[in-house]
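First the structure, in the form of structure tokens, and then the observations on it.
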Amino acid sequence: MCAIVGVFNIPNASKVAYYALFAMQHRGQEATGISSSDGTRIYTKKRRGLVTDVYAHEGTFEYLKGSMAVGHNRYSTAGSSSVLDAQPISAKYKLGEISVVHNGNLTNKDEVREQLIDEGAIFQSYMDTENIIHLIARSKKDSLQDRIVEAVHQIKGAYCLLIQSRKKMFAIRDRYGVRPFSLGKFKNGGYIIASETCSFDLVGAEFVRDIRPGEMIILEKGEEPKSIQLYEAEPRPCAFEYIYFARPDSVIDGKNVYEKRVEMGRRLAIEAPVEADIVLPVPDSGIAAALGYSEQSGIPFENAIVRNHYVGRTFIEPIQEMRDLKVKLKLSPIRKIIEGKRVIIIDDSLVRGTTSKQIVKMLKNAGATEVHFKLASPPIKHPCRYGIDTPSYEELISANMSEDGIRDLIGADSLSFLSLDGLVESLGRETKYSLVSFDGNYFIK
Amino acid sequence: MCAIVGVFNIPNASKVAYYALFAMQHRGQEATGISSSDGTRIYTKKRRGLVTDVYAHEGTFEYLKGSMAVGHNRYSTAGSSSVLDAQPISAKYKLGEISVVHNGNLTNKDEVREQLIDEGAIFQSYMDTENIIHLIARSKKDSLQDRIVEAVHQIKGAYCLLIQSRKKMFAIRDRYGVRPFSLGKFKNGGYIIASETCSFDLVGAEFVRDIRPGEMIILEKGEEPKSIQLYEAEPRPCAFEYIYFARPDSVIDGKNVYEKRVEMGRRLAIEAPVEADIVLPVPDSGIAAALGYSEQSGIPFENAIVRNHYVGRTFIEPIQEMRDLKVKLKLSPIRKIIEGKRVIIIDDSLVRGTTSKQIVKMLKNAGATEVHFKLASPPIKHPCRYGIDTPSYEELISANMSEDGIRDLIGADSLSFLSLDGLVESLGRETKYSLVSFDGNYFIK
Amino acid sequence: MCAIVGVFNIPNASKVAYYALFAMQHRGQEATGISSSDGTRIYTKKRRGLVTDVYAHEGTFEYLKGSMAVGHNRYSTAGSSSVLDAQPISAKYKLGEISVVHNGNLTNKDEVREQLIDEGAIFQSYMDTENIIHLIARSKKDSLQDRIVEAVHQIKGAYCLLIQSRKKMFAIRDRYGVRPFSLGKFKNGGYIIASETCSFDLVGAEFVRDIRPGEMIILEKGEEPKSIQLYEAEPRPCAFEYIYFARPDSVIDGKNVYEKRVEMGRRLAIEAPVEADIVLPVPDSGIAAALGYSEQSGIPFENAIVRNHYVGRTFIEPIQEMRDLKVKLKLSPIRKIIEGKRVIIIDDSLVRGTTSKQIVKMLKNAGATEVHFKLASPPIKHPCRYGIDTPSYEELISANMSEDGIRDLIGADSLSFLSLDGLVESLGRETKYSLVSFDGNYFIK
Amino acid sequence: MCAIVGVFNIPNASKVAYYALFAMQHRGQEATGISSSDGTRIYTKKRRGLVTDVYAHEGTFEYLKGSMAVGHNRYSTAGSSSVLDAQPISAKYKLGEISVVHNGNLTNKDEVREQLIDEGAIFQSYMDTENIIHLIARSKKDSLQDRIVEAVHQIKGAYCLLIQSRKKMFAIRDRYGVRPFSLGKFKNGGYIIASETCSFDLVGAEFVRDIRPGEMIILEKGEEPKSIQLYEAEPRPCAFEYIYFARPDSVIDGKNVYEKRVEMGRRLAIEAPVEADIVLPVPDSGIAAALGYSEQSGIPFENAIVRNHYVGRTFIEPIQEMRDLKVKLKLSPIRKIIEGKRVIIIDDSLVRGTTSKQIVKMLKNAGATEVHFKLASPPIKHPCRYGIDTPSYEELISANMSEDGIRDLIGADSLSFLSLDGLVESLGRETKYSLVSFDGNYFIK
């Protein structure tokens, strides 16, 4: 998972991109980068670390000059920790220079890479983004736009792309619109295109519309944004963005994430009622669904697990006498609220089950007489191949155990998931969704 | 405001103190320090920075050896940024070595200091803690315990003290018990004494009881804790600990902080009802009170302001085009929830009014038709002199403006505070409280 | 200017490369990198900073595993400060993976790059090293060795190359042997190939022989090093390596650098005698030549300028009242030795003249009655294009002023350079040298 | 060993102190601190680290405001690594505020400390400097000057002190003048007092005279420096300052350090001649003596050991196959010069013998046929108690072995020391010296 942003025709474009990336930090904490252009040259800075660290060095925004910029936050993925795997990727090629950022996953990347290598291309990273640059560079077309179109027709998968030359910017979203991608506008006439609309609010841009599935938008100075429909749209927005990934204040394809989470909580209350005294969220991810569950069921919501926000990266290993400390460092139950109560605890989803087990234990230790664990999404039985870094089949607990088995393992008195139909009902039946993690229907080959 | 902790008779005492300080990081972020003793020597490490940073250096806990330790988190106070103003203060004196940590404020510190200086004492910091060490060192009594008693009788104010020699530990709480101070026990027989009980939960200690106002507890190896009542108790716990300062999962003098906050919200709903569509908290400080308000009033609670937890210390100055960015970086409203609604927004207290103004503006920009700002505590009209770092009269908006004036200044449609009586009612009438910030009754001279 | 090293068939190859790079830190302080191979994969770490910093992170050498490695130190060059411009460059291509390091300068790099770009190649850096990788990747030959030979025949210039695949290592030196490049051997049978022999001494390798101009050496496990003469050798070793760049304990093409510097000092004394009381070196670069001058002239050598080795990178800007501080921070004259004396001051070469001016002033202030500035090399009138980062014509003082003019500008009583003939005489007439900085004879087109 | 500096009546005094401390970095690398005064308050910054690091933080010199300052560099001493052991020590006392820096060692510090503690004083560090502050604070005299005089009469040992109040500065040197201490003057009328004159040269101050043994100098605005002779002078300057500790460009009590080192080398050549081909220094400490030896003996001086100045603090542990690497990382012999030669190697002094052994081995490995190790000082048989951090009797090789034994241990063909008489002859017979390390005559009880 990643965040991308493009900022066009606004002074200090790199600084605006910086704020947008800050607002989208939740989509990727491993590395971040920005490429700006002042019309004559492309300037790039990328490094491992958080947005607030990477650009903190004095002179950064003086270096990243110009009125256009693209930026990227990289999600931590196993096995790749090199700065070479940070984006944007910038390259000099026949028509000049380009900088590319990408959110998603190309399903035919290995075939494309193999063929490119056969033709003599070299790859300096493991990122599929590098495929795209090569396809553009190797095209025989005379214009960058034509080359991009040709390149895009050779790739498959879920992707949102921003490609910046010294003077233009191109945004492309795959035909299914799996990942979110929206267009915003500044009062002075400049534009912003980003993974999430929460970034627009921070930088003072107005939401215009979503990039359409299959659409390419071209930004050029002195002209209105041009739109070309490269493919017929077959919308399949990713359900997981609503369930967990996106920020609650973002609006994806017309639907507010927070509202949808509350709705999932409501449906969960209808589908899986249980007698209990209080409803608790796993903070912060379960708050909205817990509020919906509470509202629907009439069982009072209590914010009775305190989250410690000082947890840093350099934590000293817990000492021997204090096992299970990892979750306790982050989450602390309020005994006075929990003691002697039948508790419903709500989280957005269940992946490996290790944290859930510790939470159940923590609640029981705090005096809960019953703990009912409820998930505001269906069991995750398949790895996502369209851009979310879910673990493999071996690690997905729902791919390997029955619900009863999981319930026993985590020590809860009951365990319920939202049904697949309930999920679709919550999100709205007027469109199809990418539900691969739940149904294993890999619709992009 | 600060946090202190003492850990006695447990292996790796400094590491246990470290986790306790981590759990109490909210009470002080400027500096932190730990002194341990292995029975033959006292070892000290203190530095500016967060708990997770200061002790991160390899070898720290090997250096801080021994089965007893005292620790301190220092709150940022204007005008003092030297490492010399960090605690513990350790000193060699006639009977050996001691290490002292202190939470509170001595009201007669200037007189005591002046007299000590007259007698030839030197001061290396601006901390009143240094007074205490000098009083102990200058006593002619033969035992440390007698010296401490003599010293404590010369100081006035609100204080919780932990004094560690190479082999013993002493805990003293002022006769009013203004600041919280509790005793916990480990399964193996060791003890912990700390500002807040939330630290017990993390390190696996059981709450035993609060240190009584006016009490001194003495910990010595191989013996049960001894208790001496130095003064008759005249309890006056600080209301502000319940309102804002303490962590919601802590229990202070028998009362859970979260519950009391919910109760304040309920009373606020009774005292200051208003027709509205939704109740929002200012996250995270207003959440409990907003839940209480919602419950009492029946107006739905919505967690409709997203808090960005990636805000760091090295933030680049917002650029010209984006004023008011400071609050926006931290708080983001969910437009879909707010738009077209009459909004009640709840915070714990109002100090200067600057943030409130930006929040009202943010909510109106997000489409709120009315914004009713409600505070779950009375107007702050006087600076605290008993250990909380409130600003001076000039900066306290309620000391300088009427409620109507404040309402107009922050741009709200209405503004209400919890009444002083309502506050006391919420906290419980069975005891008196320290309410100096609200009523100016400085009961400790 | 840069340093390169290849280490083959020795356990912990990356750590051996690290020590070799440490010994060659003088050839490049801006960035450093190492690629190792364990036979199945290539591992790379590169970053801006000194050798002792870049690899200091725990786990570095565990990551850089395998029994072969190539490494590089990068010299600071204007206009390029990106980590992307650090070496080695590693790339995946048709036959697998390779890692390349390079010391020198390709004179036809722009033409080659243009043609590669025409064919659809992309470039992610400004380094000519990237050309070489592309040429190898685009070759249609079946073996890496054949591809390298084909690639090398397309490049011109001064170069020493090390190319590592997962299992083999290739070393190539241009036909003129402009830059130094030597082969060493470990007792256990492993090999090292490096820019300077001083690196052999540190890691305990024995010097075997220099790589011959035009030679390619192939290292493969279980086999003796193979040698292929790609071009007929036309030796032209760079005079500047002897004058200034190489470390005094290195032996380049059979000649010890220190001895040659002493010899240049001796010739300078013959060519440019002057009556004086003492001979001083500019430390540390002028020491050997000053010793030679003293020996030949009989005028006593005095080490009367103290060099401060604590000068760091984060120096606070000197305050207003103390201009000229920059040289004074680094160099301090010993007044007692200099006062009332006629002084000969010796440096290795004169580039811009700014430091020399400050040194003359410093010596006069210290009481020198006469200052005779003598350079142990001829006037630099042309920029090097073969790998040394000399400034452009505009900045080279000898390209723009007469010797008399320079003498007046720096305020010396006399100024002398070693003659071009004297330089060649000192180095030995049995071979030709690359003297482009002095005679402008750009023999590689 | 330490460096101290006081700067009086000059703008940006703290920045001037900073440059002076930079020039005296060789006297102490562990910690550094500066206290400045603007007439109303004293400002202090001190921390572990090099001068160029500790003050590098933006805003340092804005904070350290005022036209007077005292500063200190701390030498690394075993067993004390706390920031609390850094100087200056600043304290508030009856007459206001003072800041103290100290170079030397008080021989009666334990007795004084014990008595102070008996009277109720507390000590926050292990430094004898704290004694002095206490003595001043406890004096009943009405003026700071009288208090200082009274305090100084209670201490014994070798000391140079600088004491700064908000408006005055006092400099005191013990009656023996063991440590160097000199007065300099700025053109604008301000003054500098420092451990070494090399600091004057850097900041543009003129040497005025040495502080006399037993003298107190008082600096006050608008007045000429006042001098009071507290004790009759009985000069005993430390021979080790000339031998090793001071910088060669410093002048101590009228004698230039470099000249004296050359002279010691000359005497060594007279006392301990040997047939050999070349004279080498151990760089950089042995250079001056080696030049003197060469001059006297007529045997050519060769700078044939290269010192690597990139050795940093974070060095990776040498790997198994490369033992003895520690010295090799720092020193590299030039084989071409050494091979087949009879070598005289000169160092300033011999402490533990471990490095010498590795140097002899290194020279033999480089082909030396004979290695004659010569020391330009007598055998060190006693620990210094007057301020130099020599090791204990157990570690001093000359306290435990005969010269023949040492020669065999380090593997040299011969070993010679300068005689005690030769040392005195070199330094000048017109005064007595502190020679405790050599003769064990601890003249200060």
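For clarity, chains are labelled A, B, C and D in written order, and residue numbers in each chain start from 1.
Note that a residue touches a chain if its C-beta (ideal position, glycine included) is under 8 Å from a C-beta of that chain, and two chains touch if they have at least 3 such contacts.
The shown structure was predicted, so the numbers you read here are calculated from the model rather than taken from an experiment.
Visitor: In terms of CA centroid distance, which chain is the most far removed from chain A?
Guide: The chain farthest from chain A, judged by C-alpha centres, is D.
Visitor: How many angstrom between the C-alpha centroids of chain B and chain A?
Guide: About 37 Å separates the centre of chain A from that of chain B.
Visitor: What is the distance in Å between the mean C-alpha positions of chain B and chain D?
Guide: 48
Visitor: Give, as an integer number of Å, the spacing between the C-alpha centres of chain D and chain A.
Guide: Once rounded, the distance between the two centres reads 60 Å.
Visitor: Two or more other chains touching the same residue: where does that happen in chain A?
Guide: none
Visitor: What are the touching chain pairs in this one?
Guide: A-B, A-C, B-D, C-D
Visitor: Could you list, by residue number, the parts of chain A that touch chain C in their complex?
Guide: Touch residues, chain A against chain C: 44, 47, 82-84, 89-94, 117-118, 120-124, 133-134, 137-139.
Visitor: Which residues of chain D touch chain C in the complex?
Guide: 11-12, 15-16, 18-19, 22-23, 25-26, 50-53, 55-56, 60-61, 198, 201-204, 247-249, 251, 256, 258-259, 287-288, 291, 295, 300-304, 306, 308-312, 314-316, 318-319, 321-322, 325, 328-329, 332-337
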